[in-house]
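Working notes, structure below.
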């Protein structure tokens, strides 16, 4: 069994953003040389997500509006976590979108359906954050 | 390390449905001959889910009503994604229910608690769609 | 490839609770002797979750209030699943928080960001329940 590890770095200038990281994960897979196995891609921070969905800007706007309805940022004081912080909503939004994805590796490629793309979801940006790519297989 | 891959095919006649696929995943595991490892089961489409919960029709009706309340299909025009499409709600519902499950394989069996069953969740059916089963181990 | 399996046992005296199980998973990892691979940690019951977030009591109170708003326990009779049961909301809450986490193992440690901690989320306690820890690697 072989394994590979890499951290991807982000410093999003806005509070929230969705960033397509599929190409970066494919580059990791090429570097690893692994042809059969599993890739784990996870946010290393608890106010961010890694998820798989469509690379379509209208949908990303729909996600933003929907998450703000399910777990609004304001009023900041409505959350007990927000003592000297204002990011409680980011912890909640991340639960809806998920921490991680696990993707099959087949024949040296991400084994994807036609529209699957991997995204980093930032819910409390304006600081340096990391995503972990771990690949095991052979 | 050994690996196994299979696609399960679906063509659900309705827009939404929950289908118990536990037996199909068990059949894959038998075919693989793998006795210790992990099974990844994921939707290959971004308007569908794979999840683990109870095989109980009342609960499935509760899921349907609840998801429609969290991410309503109508009004279709309220979503920016719905330009020539009407499935934005399906992309959102799939995030709540999840894309994938990872299940332990122990002694050649799915290592499950008493009521765990694997479901395919369709949120935009009436077309051909796929689920990927990838098993690694030995 | 090596594999390791252990069940963690819980009997939460209240209906709902969040319990930090990071130390127990680290103990499993030490016992396994595995240095590179993946850990799967999953609830074996369908009214409970395993998730990764912050070990902060204010945030846990925010999760409790938020989940009760998204999937209220009362009125119990509003759920079709609740025929002789009262835990339909627990099945829904578990979908929001997730069944499982997959964590990278690097150099014999859980490969975590600074604030990542693993929690057992109980939504229908007052009975004996289990969490599965499965580790594969070498």
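In this document, chain identifiers A, B and C correspond to the written order of the chains, with residue numbering beginning at 1 in each.
Keep this in mind: contacts are C-beta pairs under 8 Å (C-beta built on N, C-alpha and C of every residue); 3 or more make two chains touch, one makes a residue touch a chain.
These numbers come from a predicted model, not from an experiment.
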{"item": "Arrangement of touching chains [line / ring / star / complete / other]", "value": "complete"}
{"item": "Equivalent interface positions on subunit A and subunit B, same or different at half", "value": "different"}
{"item": "Where subunit A and subunit B are represented by their mean Cα positions, the distance between them in whole Å", "value": "20"}
{"item": "Multi-partner residues of subunit B (at least 2 other chains)", "value": "1, 38, 70, 96, 98, 102, 136"}
{"item": "Of all residues in subunit B, those that touch subunit A in their complex", "value": "1, 3, 5, 38, 40, 42-46, 70-71, 79-83, 88, 91-92, 94-96, 98-100, 102, 130, 132, 134, 136"}
{"item": "Residues on subunit A engaged by subunit B in the complex (per definition of touch)", "value": "1, 36-38, 51-54, 56-59, 61-63, 66, 70, 96-98, 101-104, 106, 111-116, 136-138"}
